[in-house]
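What follows is chain A paired twice: with chain B in the first complex and chain C in the second.
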Partner chain A sequence: MHESILVYRKHRYLKWALALAVVSALFYMIDSPLGQPNGGTWLGYTLGTISGGLMVWLAWFGVRKRRYGLGNVPLEDWLSAHVYLGIALALIATLHAGFQLGFNIHSALYILMMITIISGLVGLYFYISYPRLLTENRRGLSTEVMLAQIAELDRDLRQIAMTMDDATNAATLKATQDTIIGGSLMQQLRGHDEHCPTTQARLFVEGSDGGPQDAQRRQLLTRLIRKEDLLKRIRRDVQLRCLLKVWLYVHIPFSIAALAALVTHVVTVFYYW
Partner chain B sequence: MGDTYKIAIVGSGPGGLSAAAHAAKLGVSHVLLERTDHLSDTIYKYQKGKYVMSTPDVLPLRSDATFSAGKRETILDSWNKTIAELKTNVRYNSEVVAVQKDGDVFNLKIADGAVIQAEAVVLAIGLQGNLNKLRVEGAELPLVQYQLDDPEEYEAETIVVIGAGDAGIENAIALAKQNSVILVNRSSEFARIKQGNLALITNAIEKGDIQCYHSAETAKVEPKAITLQVPDGQARVACDRIIARLGASAPRKFVESCGIKFPNEDRTSLPEVSPTYESNVPGLYIIGALGGYPLIKQAMNQGYEVVEYIIGNRIAPADQPLLEKKFAGLKSVDVEAVLSEIREVIPVWHSLNPLQLREVMLDSTVHVLKNGETVFKRNDYTNSFFTVLRGSVGIQIDPNDSTKVVTLGPGAFFGEMGLISGRRRTATVLAASDCVLFETPRRTMLKLVQSVDSLRRTLDQVAIMRQVQTHLAPGVPAAELKELVETAEIQKFKAGDVIFAQGDKGDHMHLIRSGSCTVSMRVGGRDVVLSYVPSGNYIGEMALLSDAPRSATVKAAHNVETVCIKGDAFKRVLDRNAALKGNVEAKFRQRIKANEQMQKQPEAGSIIEFLIAQGIGEGTDVLLIDESLCVHCDNCEKACAETHGGISRLDREAGPTFATLHVPTSCRHCEHPHCMAECPPNAIHRTPGGEVYIDDSCIGCGNCERNCPYKVIQLAYPPEEKFDLFSWLLMGKGPAPGEAMTYKKNGHDDHGHGHTEKAKRAVKCDMCKGIPGGASCVRACPTGAALRVSPEEFMSVATLSG
Partner chain C sequence: MRSLIRQVTRKSRGGVAVRDEIAEGDIIIAGRGNDCAIRLPDPRVMLHHAEFTMRSGELYVSAAAGADLRINDNLAQIGKLETGSKVRIGPYEIEVQPPESDFDFVVAVELVQALGDDLEKLVARSQIHITRIGLTMRWWVWLLAGAIITGTFLVPFVFNLLVGPPPDKMALSAGKMNYTPSPTSIWTSGSISSAHKFFADSCETCHAAPFVPVQDNACLSCHSAVQNHAQPALFPFADLNKYACQNCHKEHQGNVTIVRSDEAFCADCHKDLGSMSTRTTLDRASDFGKQHPEFRPTVVKDSALHTMDRSRTLNENPPPQENSGLKFPHDKHLRREGVKDPVRGVVNLDCADCHTPNETGETMRAVSFERNCHGCHALKFDSFVPNRELTHGKPEEVFKQVYDVYDALAMRGGYDEPAAPALVRRRPGTPLTPVEKALVTNWAAAKASDVLNGYFGRGLCAECHNILETKGATATNEFGEPTAAPEATSVAAKAGVPVLPAEKTWTVEPPTLTELWMPKAYFTHARHTDVKCTECHAAKTSTSASDVLLPSIAICQSCHGGEKSADRVPSTCVDCHRFHRRDLDPMHPEKAAAHKAADAGVALPQKHPHVAQSAPLPRWETP
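After this line comes the complex of A and B, so read on.
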């Protein structure tokens, strides 16, 4: 318990996947079929069956994940195996295809599957590197607390700005009203906003001369700087959390498409025997 | 002269009306005298809608009037109906001002001048008729009242509530909803109030709903203000209303004028009565709160019984059939004989009065065991208390050698260590011969320990010896430890208290018997936590052995009880036992090494400090999340909801984080669960595996929710039916996995289905007991970020995450 999926149970599933891959590769090397290696030889059928089985099993993870309280194997075992066997699948399926790629349904399956695997690898990278960044970025505050602090700063800003000149007041009001956190997918992924009204307001106040209201100007400035810092963190938070999820929008649809292509592939192969 | 009756009953509270109803039923001539124009004035004056409890639950009700836990209104209605149906002779507006015995009859003088004669008198006047009043200038002004019937009657007023007992606090909280409330507390803190009320009032004061003056007394009342004597002078508070809840006491003057004697001058003392409730004046009986039995059900039973006694039937108490059933296995149906055998044989029960003993036995389970049968196993998480009536049991003191057995004979008790520490059983206990044991639940024992001093003393003496033998000096015979144990004393510490400080002189050591501590050292001007010490360990031996000042500071992580052992006595024991000395010194060296290790990684100490600050120290099984692995998928919450009918008992995101360790809002299964403290139906239990859970008898009162300092209990409606994954995916049936069903009280759900009204129930983590494989949250975590740890593992978690 309490270890990352990569080292889980002393690399048990890495060993499984390696064994499977090595055995497949060995057979591929010693096998000398008539003509070009392809899916139609005895080894091709065997590797194809293994690949197909693996694909269905890998997709079953989505179902297993939602079967709470059932089965005695912890989900971490499943994910660890899912990751390693998924990577092994890339090799086994390639061997099954005999390194052939064409413009047909079979290659479509191969490409869909590879996109699924690569998106999975991207997801794995995200899962391993981002949690720590996410926690460090938050520095002990939850998203809710950060939002509450921003709301409080906004209240202060509005109050102080009321006593200031019109231009400052307008810039500050814009900062409190038009600052966007999150937004569209691209905005979330960008993690910052180059047209952020808060930054603009800060620049404006920095550049302005408070004159007799210098004390207020300073108060305004400190709050704007604090808000900017919070915004930076919270946008980074949104970005990281978004990244942790966004890869699934590729991984899942392509895995379903690959399953559909798998069915077509198997049916056509046997239909046109 | 007025009428003459067989029985005159004074006071129509639960006891009085039950007596009158029974007399009416039996056709005995009687009169029920009530001061007001309605029955049972005390309950009549309860806050509107107050939920009245019917404790003790095990006691059967024996009365012609009905009573069960419920709303004040329902209870009063049923009593009015009974009194009317049985044609009970009630004389309202009849305050009895004097009771005089004249030969064989009593003359009862009524305030309106009438005199009623009776052969026997039952005083069932309770205490609430004699409320304690303010005794200051202006106390008679109309703004002062001593009762609150309906808190919603008042709006937008400034109300001063005097008296921070349960009644005062309940009033203050109810009034604070639409008034500005000031609470006046005579002492410096809230002592002796129900845990639930303590949580409510602390919360209300923190939120600013109620303003509170501690250590304050009333000095003067004016028509629109009150002056309070506060520690730093006087405070005058303008107010519209003053509600004084100062408790009640026996109307001593009246009772004494009847010829009844009080045992002492104490204001709270009550007259003594015989087993048939007769006072020192023959023919004059006392039942209910005035006789020392303040519970409604007890009073009602006494009302029934006293009428039987008066007409000459020596009926057995109401619990007799239950006890007969309980003792059936003993092949002796005579309850009295068994009870007297218990009193004779078992010294712990010796100091209980007959009624207390009956109550204890009603709560206890009788075990008749054959030679060799297991009572409980080492590491079981049970915490009941056992006494031996006949035969003997053997305690396996060495977990590695089952032949090392200490035998306990009749009269002995065991199981007190689990009761005190709240941790797992330290030894396996088997029947050493055919034997008869009583198993008394933890709750009953705690109540007794609090109220019966001599019982606590007996328990402590034996417990100290056993704790020393188990945790400090295994294998050393009791005779050699005699001096050590006799000079030892039990010390209590609150969270944050310093047990001893670095640099102190070390002339004693502590054996932690309940709670846990942190050991810290000042390094470079700041405190570095070196270790966390759970109960069952000893501390302070280092300074003792090396004759040096204390090398570290030990603080209580939460409420701690230790056995404080005198250094000289301990050294003498060591000198006589070479093996023990070797053990202690080995541990000493191990500690020095561990401390040095810890000083090298101060961040691990900070993590322990953080965990302790979160109250993890009193937990037995805590859910932690390693944020360096957590991908925020909330699968843990979904798994919890799915395995518990749609309601998640954990909130992943909520809760504090330190370094990469996050403490989500989730039950820690405390050693001494706060939630268990005040559960009216006793619905919260601990399984032998340690899980604290709530069973189906929950009435949804919310006490546990308020008592939990970690806010892990919620009240929720029972969930609706769910469909399987594919029905949801393909047909859109029911809510999504992990999603809660929207349940609307007494209305319709989103799909237009009607519901009958259901009550809310308390729900909390039950550690997925009954689900093979253990906690779902941990099993459903795809990345291994969720982990459950027990206190023994804190050190390893801290060093890992550092």
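After this line comes the complex of A and C, so read on.
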């Protein structure tokens, strides 16, 4: 799926975007306007109109993708074009601005737009890399299965520890009752828990001497290690799935904010023509 | 081995549903996998979790590697089963039932522990889905977009309407320095040019009406005196009234000047002006390094008539001649052996001995006789009267002065020149009879004529000046009266002595010094002080004052190239030429007149942006 976005229809939309970018760059190089290149020349207005249109169209993807199955153009086309034309927009809008930045609302629009595009690129990178990592990490198990296995291990752990000494039983009980997966955004993104009760219980059991209960201790340790492995994988799973979505919290609000700034930009530019 | 597997499902409303399956094979596998005879579809069960086998009539169950089993609630890896034995595989209980005919064994499989509390609790305390970051996505969208619209548009717009500067405070006018900032100044599309920065934050100063481009009136309220580029009547295509100021002067381009300096702008017409107008006398110019005509200096054609000529370029043959009415061989004054100075002896003159820059350093002060020539060239005319000098610059007075000198000498006596008559050489103070007086005044007139027309008169002036013949004319003073000693004439007439006519046969051609040979271009010596004079001006080999010692364009081009020159100083048209020519009329005469009238009635404040413009401008003579 991830490959198909980029190579979709033999790079059709890459070619479109490249053509648009190259033509814009050529005009920019040929054009020698009065003063510095800026948005107020005929080329500036043209590139600005293209950029504004692209911004609205790119944002429309959010509407289009919620209407799955509707429309004549498949969503894959939309996504592929969304990616490539979004990247082209970064160049065209930069040419429209004539590489000028200042302390004003026009530059604010540019910065909002660039944040949207860069977050989109980050999202694209995630979408390209992480599904494979997710699959590798899961090793055929779904998140739900991993959770269920952990729950099952918890039950076993409790049962094995029941007849062991108080300290081992307490550590094991803590491991089964207090182990948390994910949590806050930062905990999800971190992908591991340095204070994981399961790890602490495993260390405790490793360091303890089972004595007459050594067989139980080994059973306990085996399960703790298995649980730890499962926890490591599920936390990585949570981390990857979180990353796959977290960029949208930048991409979408900033894209709408950029549209708001686009309205301000267009109105004010002509208000003070 | 043939076995019967009973899948038991307890319904929520009571009752049991049983589904029988028959499995065959030496090994009956229980597990999550589809290929298992005993299918246990639960995540807690491994793919192949346990194997049921018959050994010598006994039923055994064994766990797969890493899997756990409970046989009758005891953890075990392998165990023998009897009727009634219960095997727990994950959440499933498999009970061995009494044997039935045709089957080696019968088991009932039931899910006895649906995904239980452990999983629920684990899920409850874990958050594994990114559902919201502080706020929901929708809230973030509204918040950010709302902040942008409100902060950048609504607030400045409303504030501008409510508390923005009132219209009368916005009007731009010459002399006004305090402008009220507009709340909408964050809408600026870029910094204002340096000259306009003082009202940069007051948007309505120039943007008089919304959604209307800035009108020329905004500019003309201060810059009414800006001149045309060419005479509109002769060159209608260059009539600047057809264009808006901001066609050329783009604001909001940063803290720079908004005067255009790009070569292409000028070259657009001047690369082939001839094709646009038959009236032009200008040659093609598009780049100072590559296409620019040779300099065509404006020289004095006739000093006496004050006529100028701009028809020849420096490289033409014959070259342009400066007929200033003066004679001055630069080579003789600059020769290596030096020149004789009456006081200092032999001296080596340097350019700076005569040519000194003016206050701005731009041009050279005009050479003057008193300052630059008199030191060596004193205008003494008679060794018997060594203290008298001719007055320079006033030829009419000179005639009278010389007559007066000899008349006084003749009256007094004691003039020791051997050729003079005895009456004049007599002992000073000896009284004269009226006839003798008439005779000596006649001598004085004749002597003055001799001197003036001889080497120490005409010859002396002619050393540096052109002499105009005025044969037959009576010398007159500045009031048009005859200068030839009128009293002598009357005295001689009374005494009956024939009067010698005081005939003035020559005069000095009034010289004309050129201040600027190229009045349509700007050049300053001040920025070329590191260059030796002789590197540009071939003064050492110039034998005549008529030589125009301007350097050829090739000399300028040895350092200066066009705008895009890589190996020369990049120089563009406006480095030397002004677009709005000061010698032409204002683009908007009516505005300029109104402005001037308004200025006349108003005392200007100290910092008046218009002062520089209203100061008298040099108006070059156009030939």
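Brief remarks follow.
By definition in this document, the second predicted complex is superposed on the first by the 270 of 273 C-alpha atoms of A that agree within 3 Å, B and C clash if a C-alpha of one lies under 4 Å from a C-alpha of the other, contacts with A are read in each partner's own complex, and residues count from 1 in each chain.
Methods note: contacts are C-beta pairs under 8 Å (C-beta built on N, C-alpha and C of every residue); 3 or more make two chains touch, one makes a residue touch a chain.
Everything numeric here is computed off the predicted structure, so don't read it as measured data.
Judged by the touch definition given at the top, the superposed model places A:G53 against neither chain B nor chain C. In the superposition on chain A, A:E76 makes contact with chain B only, not with chain C.
Of the two partner chains placed around the shared chain by superposition, chain B and chain C are both touched by A:R241. Touch criterion met: A:Y68 reaches chain B, while chain C stays clear of it.
Of the two partner chains placed by the overlay, only chain B lies in contact with A:R132; chain C stays clear of it. Note on chain A: of its two partners chain C and chain B, the one contacting more of its residues is C. Once the two complexes are overlaid on chain A, the chain A residues touched by chain B in the first and by chain C in the second are 142-144, 241.
Contact residues of chain A toward chain C in the complex are 32, 34-36, 38-40, 100, 102, 104-106, 108, 112, 141-145, 147-152, 154-156, 159-160, 176-177, 179-185, 187-188, 219, 226, 234, 237-238, 241-242, 245-246, 248-249, 252-254, 256-257, 259-261, 263-264, 267-273. Listed in rising order, the residues of chain C touching chain A in the complex are 42-44, 66, 68, 75, 90, 115-116, 118-119, 121-123, 125-130, 133, 137, 140-141, 143-149, 152-153, 184, 186-191, 203, 207, 210-214, 247-248, 250, 252-254, 258, 260, 262, 264-265. Within the complex formed with chain B, the chain A residues making contact are 1-5, 8, 63, 65-69, 71-72, 74-76, 78-79, 126-127, 130-132, 134-135, 138, 140, 142-144, 241, 244.
Chain B makes touch with chain A in their complex at residues 626-633, 635, 638-639, 642-643, 653-654, 656-658, 660, 662, 725, 737-738, 768, 771-773, 776, 778-785, 787, 797, 800.
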